[in-house]
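Presented below are the structures under discussion, each in the form of structure tokens.
Two complexes come next, and they have one chain in common, chain A, joined by chain B in the first and chain C in the second.
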Partner chain A sequence: MHILPRLDLARPSRRHWLGYLLLAPAVILIAFLIVYPLFISLEISFQNVGIVRLDLPHKPFTLSNYTRLFASPDFWNAAWVTLKLVVIVTAACFVIGLGTALLVNQRFRGRSVARVLIALPWAVPEVIAVVIFSWMFDSSFGLVNWLAIQFHLSSGMIAWLSSPAGAFFVICVVMIWKGYPFVSIMALAGLQAIPDDYYNAARVDGASAWQRLLNITLPSLMPVLGVSLVLSMLWVFRDFSIIYTMTGGGPLHATQTLSLMTYEQAFSFFKMGYASAIGIVTLIICIIASRLMMGRAPDNL
Partner chain B sequence: MKLRKLALAGMTALALAGVAATSAFADTTLKFVSWQKDEPGYRDWWASVISAFEKQHPGVKIEWTKVERGAYSDTMTTLFAGGTPPDIVHLASFEYQKFADNGWLEDLGPYIEKSKLNLQGWAGQETCNWKGQTDCIMMLYTGFVFGYNEDLLNKAGAKVPTNYQEFLDAARKTTRDVNGDGIPDQFGTGHETKGGGGQYLTEMMNYTLDAGAQFTDQNGKVTIDTPQMVEGLTRWKTIVKDGLTPRDLTSADTRQLFADGRIAMKLDGPQLYPIVQKGKARDQIKFGKDPFTPPMGGSSNVLAIAAEIPDDHKQLVWDFIQIATSDPFQSSFAAMTTSPAPDPRADIAEARKKVADFDTIVEAARSASAAHVDRLPKGLEIQFNEFATMMMNEAKRMIINDLDPKDVAKTMQAKAEAIQNQ
Partner chain C sequence: MRRIRTSIFLYCGVVLVCALLLFPIYWLFVTALSPPDALQVLPPRLWPAHPRWGVFRDVLAAHPILLWLGNSALAAIGAVALSMSVSVFAGYSLSRFQVRGGQSLGLFILIAKMLPATLLVIPLFSIFRSLHLIGNLWSIVLAHSTLIIPFTTWMLKGYFDTVPRELEQAAMVDGCSPLGALFRVILPVSTPGLAATALYGFVLSWSDYAYARTFLTNAQGSWTANLGITTMKGEYIINWSDISAASLLVALPILLIYLFLERYLVGGLTAGAEK
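What follows is the complex of A and B.
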């Protein structure tokens, strides 16, 4: 009864208590939804278990999942595929996203329509995008093959999804198509926040368009681009639905990322201990990558 | 007024007493999860079983939920692992072993004995025996039928094949670029090559079985590195690499292409029949005996009881299974799903009236069953997904890298043994 009045949260020295109190429900919820499963995954990763039941006695502690993982060519292949995807897709999303943002930031007729069209892929659900692209790149009846033959770019049908290189290329195309609008929207928002005075002053000083881009636009956009870069990278890193629906990680593991490998081991092969080990290693890689990105531009983020 | 109130109260009391007397299970709900809730034919049959059950058990409701086949195994595993399994357990016959092996399924032996359920000659029922215990009842065992487009075969000058060589010849003749745009748009046959390992293995087995190959022997020993398997792999490689089947399509896509006259010959389960009936080429398509011996076939799906549910729920689920496996409902199963009922006593007269080729469908199931054909190899049941994925990857590697089937069979043998012994 008397506890709350005694706390006197209005006192300046105790004002931060109110902050903690207000944050507490969210923190507890996050701890329950994220930290607890994470802890369980970590625990399972050190046990040789198939299907997990929390009410069953613990299996003996073992490092076998990790030793097997680091000795597995499939794991290193998945790590390599993930790295390639992250670099290629993020870089392409950045170039296209920034380019389209600069384009639709100009004044021209139909600018509103162009802005909507650029943002459109972002609004399309991933699975629908995959279905559309699957038909376009279909090896037997696809539009892309038809165009390639009509324009004499290929003498025969290209087995896009049946060849490792073709499947990887198609996955990159879909992910770039799906991912660049995010960068574009973020960059456009950043561009509109740059005062016109900067550009006017630069013009008076005789700066060319290229110099204005390098010395005004890009530095001003850095905070926005930094956040976009980290978020895009994490999206590519953990994306599951596009690859799973389109290729299932194949052919010959050419598109199998760490996320897909985790899923396959857990829910196709029911090796929960091994899958947890992959998940934990993936998480560590993600944390290190994010930390490196954040650490490189602390003032901008 | 008083009289009316009294009468109303009396009627209410009687009604309540009646409900209490007729149902000891008032407000009981049985959970039933299935992927067949939206499948034409199967959906209607399951609905009829549920309706009959609920009529027999006033106060008991069945909560029927659909889970997509693609996410089914994950969902069921999560439900069981979380301690909240469905009461009525519906599983694919190639995945139930994982659940049985974890002790999650009730031993049906005592129930079968007590209710005197006659499983003599029940197609595919031996698959439900796991480690000396009956864990499920087989709900469907099918054999592949052979559908062919008579018009396309005639135009190409090919006869209806009766063996692999004739099949290959007909497939080559009917694979064509019809509109002359440089792209083949008509195919000799159609196989799914896009899906998971299980389906890929099924498609490939049409050829390996006909070549006399088996993945394991009766003792569960891996028998892949054999001349028969090399021949089977060579056939599969020829069909896919020579473009006699469209690539990267799902089962649904290939069935639709066949139904629309873009594929000349199709080896498939009885589910092909209703799709053909709605296709553009339905008048040209005929069904006949599979040119391959034995025909591909196998167990499909099973019903079981979750071991963790209360005893009164277990009895109710068994009542449900008894209705589903009764002769009248097995007869209606054949008629409504156009699939052969596993019950040998099912009356298929109605199904025959509905489906002109029903005898062909039944005969295919019998031939496959007599040859003990199943895509689930003995001794690799628990590791089936891993085995099937490995086989698919090695077969794809053979096609993509143009490898010698002899070497591929050796690799498959070694990898299958490693999977079995882990």
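What follows is the complex of A and C.
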């Protein structure tokens, strides 16, 4: 009667070949598009290759990409720039994201509109965000320079994107603006999951608003904040579009992160083996960092 | 009295914070509407004296923006269709069956999230080159699927988990095959989840720059919107007004999708990070 053996979907422990069959297309596609390319990356990071060609025989195995990498001041510079960027951007995203989430979590009329608006920058493509801020920080007619002069913060026009510190600052601003909505959305979801009873009980016991924030809100948010922290850091770590289209890693490598360096080595200097080595090291750092951070709350992984 | 005062404070706070954070988007709008020579004057004006509403028509005529938007849409639709057609089955399988290795999929998705695009783009470039796909929108469809599949699979699994198993049981008692139950019962009731997931994938594809920059730079006819925008910045003279108008046109679809998607965003954003 049935081609299939009887299948009882009500039992979650059911093992059935149909389960594997349904999974197969996704697994095959992922294998071809993610696992196989990753394998090639790993392979060529141990070869001295320029432009990779799959139809040519393999080059001999060598560790030279990695030894060159760790001896290169450019690599350590990029690692330092990446670290600075990750710490500054993530911290600022957290302050703004949490602040905005607490703000629109209050009860007031029109808060559903405010909730949509507050995270709107999430929907602006990164390349467009770069257009906006490049113009706002324009050296001759940009709004920011004009404001800085009006408020006597600077005496003349600042060429933001041509000075190393200025360019780094502008990159931070763009990334914070693009990154805080994520924290805000996550924190708001976390806030809504806290039962009102907690607050009512605290009020009965006479806890002040500040005490409620410190003793109920923040501890209940911790798991959500932990996940957002890791995901935001990963985003800053790997982001390419914002920096590439805004400064291209310059001036003087002041904004060259590991991601940028990987891309530049691969597609400007055509040293794909060397570039892959940088990428592999970046990936390993990402995995270790998020393992360390998630490790403290193993339930979240 | 005290309550009124706090609520006034609250409103002022909300308006002020929103105004500050959304000002860059407003400024993009103002810049688009200002004639180029009005942008070369200080002090900057908060609203142009003579807003130039025709700018959108002009910029569409001066640059192949419709072509770029069309390419972006084609690539996004292709990538979403490919990703969804494998993710629906994978998500369903992970939700309903106990598949060996299924548990580690969450971990795999997390690792896929950690993959720097700049690392994956190198082998993909050589693979696509040997398949003669460089300069072809198909390369973007495939590359964007690497971004989308991990998300959509995870989002759909989560969505199917909320659909009661009794539905399929009832359908199978009535004589449906397991696949028939999926197509006739589960998918129809999951429409909102499917739509949100597909739109999330669309946003991921639409926002990409790295893959388009690498695979399409030499094929002007295949440029996507984000890639096209970056080429409008001249070396010495930048017409900020035109770029801003074009940027608004490119950002508009995503802004509209966001308004619909906002409720479902959390599921997509956390894909792979939660149990």
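Following the convention adopted for this analysis, the second predicted complex is superposed on the first by the 269 of 301 C-alpha atoms of A that agree within 3 Å, B and C clash if a C-alpha of one lies under 4 Å from a C-alpha of the other, contacts with A are read in each partner's own complex, and residues count from 1 in each chain.
The working rule: a contact is a pair of C-beta atoms (placed from the backbone, for glycine too) under 8 Å apart; a residue touches a chain by one contact, two chains touch by 3 or more.
What you see is a predicted model, and the numbers here were worked out from it, not measured in a lab.
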So, on chain A, is it clash or fit between chain B and chain C? clash
Touching partner for A:Gly250 - first (chain B), second (chain C), both, neither: first
Figure out whether A:Val87 sits in contact with chain B (first) or chain C (second), or with both, or with neither. neither
Larger residue footprint on chain A, choosing between chain B and chain C, goes to C
Contacts of A:Phe108 with chain B and chain C, given as first, second, both or neither: second
With both complexes overlaid on chain A, does A:Phe270 touch chain B (first), chain C (second), both or neither? first
Touch check for A:Val124: first (chain B), second (chain C), both, or neither? second
Touch test for A:Pro164: chain B only (first), chain C only (second), both, or neither? first
Please indicate which partner A:Asp55 is in contact with in the superposed arrangement: first for chain B, second for chain C, both, or neither. both
Quick one: classify A:Trp146 as touching chain B (first), chain C (second), both or neither. both
In the superposed arrangement, which partner chain does A:Ala31 touch: chain B (first), chain C (second), both, or neither? neither
Footprint overlap on chain A, where chain B in one structure and chain C in the other make contact: 51-55, 138, 140-141, 146, 150, 267
The residues of chain A that touch chain C in their complex are 2-4, 7-10, 12-16, 18-20, 22-23, 25-27, 29-30, 33-34, 36-38, 40-41, 44, 51-55, 96, 99-100, 103-104, 106, 108, 111, 114-129, 131-136, 138, 140-141, 143, 146, 150, 177, 180, 182, 185-186, 189, 227, 230-231, 234, 237-238, 240-241, 244-245, 258-260, 262-263, 266-267, 272, 275-276, 279-280, 282-283, 286-287, 290, 299-301
Footprint of chain B on chain A - complex, ascending: 50-55, 138-141, 145-146, 149-150, 156-157, 159-164, 248, 250-253, 264, 267-270
Touch list for chain B against partner chain A, complex: 73-74, 77, 80-81, 83, 98, 102, 181-185, 187, 193-196, 243, 246-249, 383, 385-386, 389, 392-393, 396-397, 399-400
Touching chain A in the complex, chain C uses residues 7, 10-11, 13-14, 17-18, 21-22, 24-25, 27-28, 31, 39-44, 82, 85-87, 89-90, 92-94, 96-100, 102, 106-107, 110-127, 129-130, 142-143, 145-146, 149-150, 153, 165-166, 168-169, 172, 177-179, 181, 203, 206-210, 213-214, 226, 229-230, 233, 240, 243-244, 247, 250-251, 254-255, 257-259, 262, 265-266, 269-270, 273-275
